[in-house]
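Structure record follows, encoded as structure tokens.
By written order: A, B, C and D. Residues from 1 in each chain.
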Amino acid sequence: MDLANFFIQLLNSVQYGLLLFLLAAGLTLIFGIMGVVNLAHGSFYMLGAYMAYALTGAWDNLALAILAGTLISISLGWLLEKLLFRHFYHRSHLDQVLLTFGLIYIFEELRSMLWGDDVHSVGVPAVLDWSIQLTDTLSYPAYRLFMLAICTALALGLWLLISKTKLGMRIRAGAFNSDMAQTLGINIVRLHSLVFAMGVALAALAGMLIAPLSSVYPHMGSQVLIMCFVVVVIGGIGSVRGALTAALLVGLVDTFGKVLLPQFASMLVYVLMALVLLYKPEGLFKQ
Amino acid sequence: MSAPQGHLETLPRSVQVLLGLGLIALLAFPLAGQDFYTQMVTRMMILAIFAMSLDLLQGITGLVSLGHAAFFGVAGYVLAFLSPADAGASWLTSLPLAVLASALLALVIGFFVVRTQGIYFIMVTMAFAQMVYFLFFDNKALGGSDGLYVNVRPAALGLDFENKQVLYFFTLACLVLTYAFLRRLLWSPFGRTLNGIRLNEHRTQALGYASFSYKLTAFTLAGALAGLAGYLWAAQSGYVNPELMGFHMSAHAIMMVILGGMGNVAGALIGAFGFELFLHFFKDLPKVGEFDLGKHWQLWMGSLIVLVVVVAPQGLMGMLRPRRSQDD
Amino acid sequence: MTEPLLKASSLSKRFGGLLAVNGVSLSLFKDQLHAVIGPNGAGKTTLTHLLSGDIPATSGELWLKGQAVTGWPHHRLSLHGLGRSYQKTNVFLPLTVWENLMLAAQAKDALVPYNPLSWFSRADRNLNVLERAERALELSGLVASKSKTAAILSHGIQRQLEIAMVLATVPDVLLLDEPLAGMGAAEAETMVALLKALKKDHAMLLVEHDMDAVFALADVLTVMVNGTVIASGTPEEIRSDAKVQAAYLGEATP
Amino acid sequence: MANRRQLLTSTAAIAGAACSGVWFPALAQNSKLRIGLMLPYTGTFTQLGVAIDNGFRMALQEAGGKVGGREVEFFKVDDESEPSKGVENANKLVQRDKVDVLIGTVHSGVQMGIHKVARETGVLNIIPNAGMHAATRALCAPNVFRTSFTNGQPTQALGKVMVEKGHKKAVWITWKYAAGDEAGESFKESYVAAGGTIVKELGLPFPNVEFQALLTEIASIKPDAVACFFSGGGAAKFIRDYAAAGLKGKIPLYGSGFLTEGLLDDELAPSAQGIMTTLHYSASLATKRNDAFRLAYAKTYKMQPDVFAVQGYDAGLLLLQGAKAVNGDLSNKKALYAAMESAVIDSPRGKWTMSKAHNPVQDMYLRVVEGKENKVLGVAAKALSDSGVGCKLG
């Protein structure tokens, strides 16, 4: 592996890491900050991807589709929080596991009834449909560079929101001690619906943004689910900075694992997770 | 489940009667049932043993393992490895070896995972189970992604598992023994201490109990019992594959235990039978006019699970237990 | 004086920048109650945690019944006769009083967990465990609420249960962290009587704010301020010690 | 299942249903032929399951809905592509519904479960897709026939083609699981035999679809060509990433036909132009038989058939021929199997016959993606038969 190749692989690992952060961002809110074990996170990601496919099919404009899709997923998140999740904040993690496992079944079937079971692809918007020549044989798709920018912006935005803004402070207070936050005049009920809706929207947004890169197919959510939990847990539950660091770390291990240690590639990420949890039982950046 | 249940060892009358009747039904069942249903009920009993083994961890010790299927699958693979191509291995030797293999694996993994707490325990058990899953999935020598056959089912002491009735009653005996052992455990000093660890680990240590070795023992014991269930599954189906130790199987076990109602082992038993019966029921729903109900079994199953967790926080067992006033 | 049951020398605990306990040395002797007083944040509770092994000391040594026990984990010290109660009630709330006591009483000669005998024997049929639990029940005056669930007991009775559970482990050394906190006058009175009775054949350390109880019970008094011992001696010596008065009892009394 | 009355009634109900379900094969002649369909109706391979189901039913409809002169009754089981339930679901059809023939399935892991039951109960099993080698090699059985392919068959034809096109140094890439390994084995055999050398074999964990790292490796190795095995969503993504990485123009991509089969929609086609694959079928196969089949299928099901529909259709044709030879009495196993072994299937993919190990001996077509079609360039391998090594049949 010569130097140029190494740097390209490094770029690949950073790009995959940021992609993983985008995927796990919604989970850092719902699972990380609100403490709800949300196994249905993968289903929201899948719904986002299918919405991108359906809406670009109708309007042939990804940006518009993403806008509409985000609004739809925010209302879906808000509705789910109101109907179901509101009653589960003080329930044990096991109840949340059971609830969200049931939701996986429901969303998988709704997707099959609404959009069928075929494999689809979503077009890259024309303005981004070009590549930069890296080496004589390899070029780098602009859409992935665009994704690099989007994910970095999202990471920065989420970190700023959570740790620097008043709303962020209220969210953290609510998560840390919701009863105390309530007595200080924070409307916890509205805050929880807002944060939950944001979490669902982020998961769906990830689905819509990544759709042009990944194709759209049944059960795509379940393949992503475990990796999102790995990222959030390694980073330290509730820490946005932790999730970003962990995502980059997993991106590194996965990318170079495939190239250098192919026969152990599939186990490396889990070895990393076990090592982190045994060395720092609360993750890298425990609050 | 919201407020931790204190009394695990006492079972309400209605549940005891239900279990008694259930046992009689299971004893009589093979005489009436056709081969397929005998095998179906055998499978339910195997899953019940698996669920009870997880309940020892989840309901009694308060350790939620999302990787319990690793020990279930490994025992099945041990039987596959020990089975010669054209003859049945003797279960007299292969069963203990399989259970021992699962116990050893549980001891090794337990030594690492038992020191973590809460959510991190859930996640680290999942990580180790995925490692075991990929170890078998990626290695041709261990059967690879398509798995291995148990060519001829084990037999010993005149009990040949090729005969469905024999395996049915052998599994029933294992079910009853496992249930009795775990129920008895609840009354033992070991069981009481595990219960204490679940309710308040810090004070349990303050009283003089080395909670680490208690939790490790419970984890190993649960791994061994899961191995028993995994061995029987492999003996019954004759085919083992990596999915037996996959994430889905571990989540399935957690579902059965929560659905049934945690802690007193009977909940896990009822949860296992209930979960499987509902699964079969929804899948065999007929075609009503143009709308094939059976095809959308995932919708009905998902809705049922959500309904149970919203309506019955204590699981199915909660519904059987009369609303007890606090100071019983 | 005979060998101290519990001896600590220059125990310290640093939390990052804060030196919560700074080089504290003290000894507890049989049939003697050693009270530790001081303003809030003086490090009294942290000291009890260092002695009981709840938290590891940054430096310093510990001897229990003549044996060096520095760095021993919490449960091992407890098994060797060092019982402790907690400032914030720390019992098994969903269990009844009797079940709490049985679990405490069972610890003394519990088999190792991986010994199958401990899986099969009946916990509630072990005679000396029953006897220990019964004794603790009577001593702490909880016979009336024996089968009540701990969660629904009044705060005072829960504090009594806290002490009863320590007694059920039949310790030689007793560390009591504000046993009278939040108790009504009557309950406090019975508790002081109980503690006085316990002084016989136990070495006791009492952390308490209730000065009447302290001066009624203490054989030796130690005053801590900001993590260090500023004075130690008989109650009379402490009462007249200038340093104590300046730091703790407000203006010097005439 | 909440209370004891409900648990007991349902257990009794099952027992009762079981007794009434008892049925005597002796009355086979006039009663309906029981056909079991065990296919993925949910999960990642649903699209394939539905295509096979459609193709199979269409074959029977075209023959007047009768098999060997007998009315037909269908029994469906959703196998969810879940290997751990393979044996259980197969037994549901064989032991509970007492089917005469079991058509199934797609996923190799589930096929292992079916194969176990087929070998133990002797039920006639026609495999419409799963390409696992064992079923028609070491573990072949007289009552098991396959109308699709062995995992290695398509790539067996690929080696010679690539060498003929002047690609002496190639990279092989696929998922590390059974189907990928088996496809890789036979590609290596054929490619090396034809004089090519495999510069590197790349593999990634199944079902990981993050190809970027390995595409970078390929770009740095600069082989003459790349050969691969991918299918479904992963295949679509591989094509997009391969094109997006600029490799499309520079390093020609070859693969087993499943890389492009049924995936060439408006979004993906541009990235797939020029990809050459070998498969035993193509939608643009210009034969009257194929056109008639495609027209009938489009009319009946309002969608375009793919190779999986053809494999389901051929399963129907095979069953029809076998049953006709024993005029419906499937219990006459010897004559039935003899007829099926010697059957000549007039399939939309072209006529094919059954090998000794009960796997199709069929032409492998070389196809290239032009527009939204896999245009047929010619026959890459004439009447290609799987080695069937280790099979003691015939």
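Here, contacts are C-beta pairs under 8 Å (C-beta built on N, C-alpha and C of every residue); 3 or more make two chains touch, one makes a residue touch a chain.
Keep in mind that this is a model prediction, so the values were computed, not measured.
Among the other chains, the CA centroid farthest from that of subunit D is the one of C.
Computed from the mean C-alpha positions, the centre of subunit A lies at a distance of 35 Å from the centre of subunit D.
The distance from the centre of subunit C to the centre of subunit D, each centre being the mean of the chain's C-alpha atoms, comes to 74 Å.
Look at where the CA atoms of subunit A average out and do the same for subunit B: the two points lie 32 Å apart.
Contact with two or more other chains is made by residues 108-109, 266 of subunit A. For subunit D, residues touching at least two other chains, in rising order: 42, 176, 205. Contact between chains, as defined at the top, is found for A-B, A-D, B-C, B-D. Across the interface of their complex, subunit B is touched by residues 37, 39, 84, 87, 90-95, 97-99, 101-110, 113, 226, 229-230, 233, 237, 263, 266-267, 270-271, 273-274, 277-278, 281-283 of subunit A.
Residues of subunit D touching subunit A in their complex: 42-44, 46-47, 50, 176, 202-205, 207-210, 212-217, 219-220, 222, 232-234, 236-237, 240-241, 244-247, 250-251, 262-263, 265-268.
By the touch criterion stated above, subunit A contacts subunit D in their complex at residues 1-2, 4-5, 8-9, 12-13, 15-16, 108-109, 112, 117-124, 131, 133, 135-141, 143-144, 212-220, 223, 254-256, 258-259, 262, 265-266. For subunit B in complex with subunit C, the residues that touch the partner chain are 3-7, 181, 184-185, 187-193, 196, 199-200, 202-211, 213-214, 216-218, 220, 326-328.
Subunit C makes touch with subunit B in their complex at residues 52, 54, 73-76, 78-79, 84, 86, 90-96, 99, 102-104, 106-108, 110-114, 118-124, 126, 148-149, 151-152, 165, 169.
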